[in-house]
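After this come two complexes, each holding chain A, first together with chain B and then together with chain C.
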Partner chain A sequence: MLDGLTKRFGDLQVVDHLSLEIHDREFFVLLGPSGCGKTTVLRMMAGLDAPTSGTITLGDTVVNHLDPRRRDVAMVFQSYALYPHMTVAENIEAPLLGRGGSRREGRAARARQVREAAEILGLGELLGRKPAALSGGQRQRVALARALVRRPQLFLMDEPLSNLDAKLRTRTRLDLVDLWRQLDATIVFVTHDQVEAMTMATRIAVMADGILHQVGAPTDVYDDPDDLFAATFLGSPPINVLEVADLEPSTNGLGPLPTGTTQLGVRPEHLRTVSEDAPAGELALLRGTVRGREALGHEVHVVARVGARDVVARQPAHDATPAPGSPIILGFHPSDALAFDRDGARVR
Partner chain B sequence: MAVGDRRVLGRTLRTTGSYLLLSLLSVVILLPVWLMIVRAVSPPFVYIDRGQPWFPVEADWGVFADAWSASDLGRAMALSLAVAAIITVGQLLTSIMAGYAFAFLDFPLKRILFVVILATMLLPAEVTLVANVRTIRELGWLDSLPGLTVPSLATAFGIFLLRQTFLGIPPELRDAALLDGFGHYRFLRRVVVPISRPTIGSLALITMLGAWGSYLWPRAVTTDPSWNTVQLVLRQLTTQEVDSANLAVAAAIISAVPILVLLLVFQRQIIRGLSAGAVKG
Partner chain C sequence: MLLPTLVLLGVFAYFPLTRLVHMGLWRPNRFGTRETWVGPANFVEVLTGEDFRTGVWISARYVLLTVPIGLLLGLVLALAAHRRLKGIRVFQTVFSSTIASSAAVSAVVFYSLINPKIGRFGDVSWLSLADPDTALRGVALSSIWQNLGLTFVIVLAALQTVPDELLEAAALDGFGSVRRTTKVVLPLISPALAFLGVVLMVSAFQSFAQVELLTGGGPAGSTETLVFKIFERQSPGSISEGAVMSIGMFAITFVMTMVQLTLTSRKVHYGGR
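And then the complex of A and B:
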């Protein structure tokens, strides 16, 4: 649990009064753009950086002044931080040595723990190798094995997938979730990749500029964002933001908007092309010209110029789209639109 | 001529060229050594009128045994070996510890202290010689192992070299070690030193060579001939009579043997250390 956590480097406020409660056995993702302070939060939880103010509680203990080694947390670093001169087995064993466990239980017990951890991650064959002789994916698994060999209360993971290629990353996402279930552990996972957050998390916290924007289940944050930042950060392609003032009142068919609304957010999947003569029904309409289309195989992103901005609509792969330059009408259900005020806060 | 043939020819020419160049360089480097051997085994009066010969004249290979027995070279070499070993071990210890402190610890006046240490590199040994010798004398350390070794147990160069090397260690490794529960000592012994082994090896070698070859300092703090180091004995031999001048050359060759052995044994490490900065991994 974090309470009023603040970190300042000189004049720079990196984390600003962050309060969070992370539950037992949760896969909790801290999501935000680079430089938003999420890694700093993780480092403070690990004990690598001291908070300027606020408290960190693990279980029932305030750990602010505890050494990293006394916190019973393990961390997986973005760069993996494997010891280059040690073999895989020695790397995995390192946390057991540092803990200064009783010498008597010693070697045999440690070897058994290393073997178990290596087995969980399928590293059995590689125990004698040095990190330089491993692929990126293998190194990443060694880093995970080193973290779990001690069976800590809490795993902290700092963008552990960002150095993997796209294909491997997708597979590793599933593996990580499997691992999390198997270990029955609590994971705090930092990433700037909303896909990772959406696919793995039980809950996510969206952060920007050291400030917490929203905490919730991934689909809740996606469907019901508290502010424009959370709305735009989740989703690919991102949500379309429309200025209410730009919309023609006669044609948009929006009906009454909550008071204070200045901007509307419409997800690309909620927009569809409407033909001129078809009855609009209860759809709100946007008129514009086609700028281009991006065919991804399984779907097409139609980019249309509406007023002064681009609007993206997501359509099934085989729908016909007008050629670039031709006029287009995009319709959406008013109930699918999210209303925001001038400061980007949600209006309901 | 086919393209393939031309390519093979080009490669052959290139290879031949590099071997020629390497051979030439070897000659340049080995020639003085050869001339030294020639000079050692040829009695001086044989060539003294004709100038240095290219090949041994009336070779007398017994000269090495003579040189060994004529001086107390054996004792001097043992002393030098002890001095060099103490200085090397001491300098490694102080450089590793100070380098670690400057790289990984935070303490008051850290920057200023580091600059002060660096500044001592600007002073040539000659400048501080008199003051240092006086200190040694006041301590009663003339003609003693401490007198020969203590002032060289820590150098700014060693501290600087290792601090720079340690700073190159990724900070995540320090973080990982902290989480793994490594204290400073364990982190130093299990991570920092093993990772920096090539540089530490180079430093050891440079220090050892420097200590073995040093002349000025041992000369300044010894008065009793029984405390003469190798270089002092060599110097004495060269100032003896002309007709036994080859003894000094022979002694010089003998004194180079331990260094040669050291270089051969640690050849691979040395090359790795010297190229550590250039070629990663």
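And then the complex of A and C:
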């Protein structure tokens, strides 16, 4: 649990009065663009950086002034931070030795724990190798094995997937969730990748500029964002933001909007092309010209120029779309639109 | 592309070496006007002779007196100065400053400190330059001081290549600062330490200026290192002996370097597999 956590580096406010409660056995994702302070939050939880103010509580203990090694947390670094001069087995064993385990537990017990951890991550064959002789994915798994060998209360992960290629990253997402279930562990995972957040998290916290924007289950944040930042950060392609003032009153068919609404957010999957003569029904309409289309195989993103901005609509792969330059009408259900005020806060 | 290198090596390494062999095999008369063949027997005679052996022994003791202490001291200073503190640059500059001083400067400094007659610490008995049993220590001290800057700078540079994240990982793994140093930092900077070990050993084995300036080989020849003995054999009558000693020293230095590099390459981590 974090309460009023603040971190300043000189004049720079990196984390601003952040309060969060992370539950037991949660896969909690801190999501935000680079430089938003999420890694700093993680480092404060690990004890690598001291908070300027606020408290960090693990279980029932305030750990602010505890050494990293007394906090019972393990961290997976973005660069993995494997010891290059040690073998895989020695790397995994390090956390057991570090806590005076050499005296308390025997060599055999340690070897067993290392073997178990290596087995869970499929590293059995590689125990004798040095990190330099491993692929990126293997190094990442060694870093995970080193973190879990001690069975800590809490796992902290700092963008552990960002150094993997796209294909491996997709597979590792599933593996990580499996691992989390198997270990019955609490994970705090930092990433700037909304896909990772959406696919793995039980809850996510969206952060920007050191400020917490929203906490919730991934689909809740996606469907029901509290502000424009959370709305735009989740979803790819991102949500379309329309100025209410730009919409033509005669064609928008929106009906009454909540008071204070100045902007509307419409997700690309909620837009569809409407032909000129077909009845619009209850749809609100946007008129524009086609700028281009991006065929992805399984779907097509149609980019249309509406007023002064581009609007993206997701369409099934084989739907006919007008050629670039030709007029297009896009329609959406008013109930699918999200309303925001001048400051970007949600209006309901 | 290789030509300049070959020319330089030829002029400054291979030619002098063959010249030395020649000088060892032919002995000039006293005036240097005629040479007589003395042959390989000259090598055997000189290399097994009393002078050569005491020279090697004194040089070896000098290496043992200077290298381990110098290396350890430089390492400790570098570890102490490798932190992010205000004003640490001042210390880093001070510690590395001896790099800018020559052997002559360091000898003069120590001459004024430990000379038995005028030195401030001239009466410290365990490094007295007047006593044959302790004079080598006094010379060694000045050499340690002079090399400290180099050791410090190289170790500090090596420390700066150790990623912060590794030390943070070690902290999370529960290693205290002592074990972080011995288990993570030292293995990672071991290439620099091995390099320093070789360089310091070779340079100590070859040191001359300090000896010449501080003791002139005395008292009673107790600080006559091998190079000093070679230096004394420049007259036409003895240059042949000096040449053989030089070749002997070259061989010893070569073997010493090889042995040390082989030993350390097994222990040293060069970031590879």
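Descriptive notes on the structure:
Operating definition for what follows: the second predicted complex is superposed on the first by the 346 of 348 C-alpha atoms of A that agree within 3 Å, B and C clash if a C-alpha of one lies under 4 Å from a C-alpha of the other, contacts with A are read in each partner's own complex, and residues count from 1 in each chain.
Just so it is clear, contacts are C-beta pairs under 8 Å (C-beta built on N, C-alpha and C of every residue); 3 or more make two chains touch, one makes a residue touch a chain.
Note that the structure is a prediction, hence the values are computed from the model and not measured.
With both complexes brought onto chain A, simultaneous placement of chain B and chain C is prevented by a clash.
Residue contacts after overlaying the shared chain place A:K130 against chain C, while chain B stays out of touching range. Once the two complexes are laid over each other on the shared chain, residue contacts for A:P84 go to chain B and to chain C alike.
In the superposition on chain A, A:M75 makes contact with both chain B and chain C.
Contact with both chain B and chain C is seen for A:L48 once the two complexes are overlaid on the shared chain. By the touch criterion stated above, A:A94 is placed in contact with chain B and with chain C alike. Of the two partner chains placed around the shared chain by superposition, neither chain B nor chain C is touched by A:A231.
Within chain A, the residues touched by chain B in the first complex and by chain C in the second are 46-48, 67-69, 73-75, 77, 79, 81, 83-85, 94-95, 97-100, 132, 146.
The touching residues of chain C, when paired with chain A in their complex, are 163, 165-166, 168-176, 179, 183-184, 187-188, 269, 271-273.
By the touch criterion given at the top, residues 46-48, 67-69, 73-75, 77, 79, 81, 83-85, 94-95, 97-100, 129-130, 132-133, 146 of chain A touch chain C in their complex. Looking at the complex, you find that chain B touches chain A at residues 170, 172-173, 175-182, 186, 190-191, 194-195, 197, 281. Listing the residues of chain A that touch chain B in their complex gives 43, 46-48, 67-69, 73-75, 77-79, 81-86, 94-95, 97-100, 132, 146.
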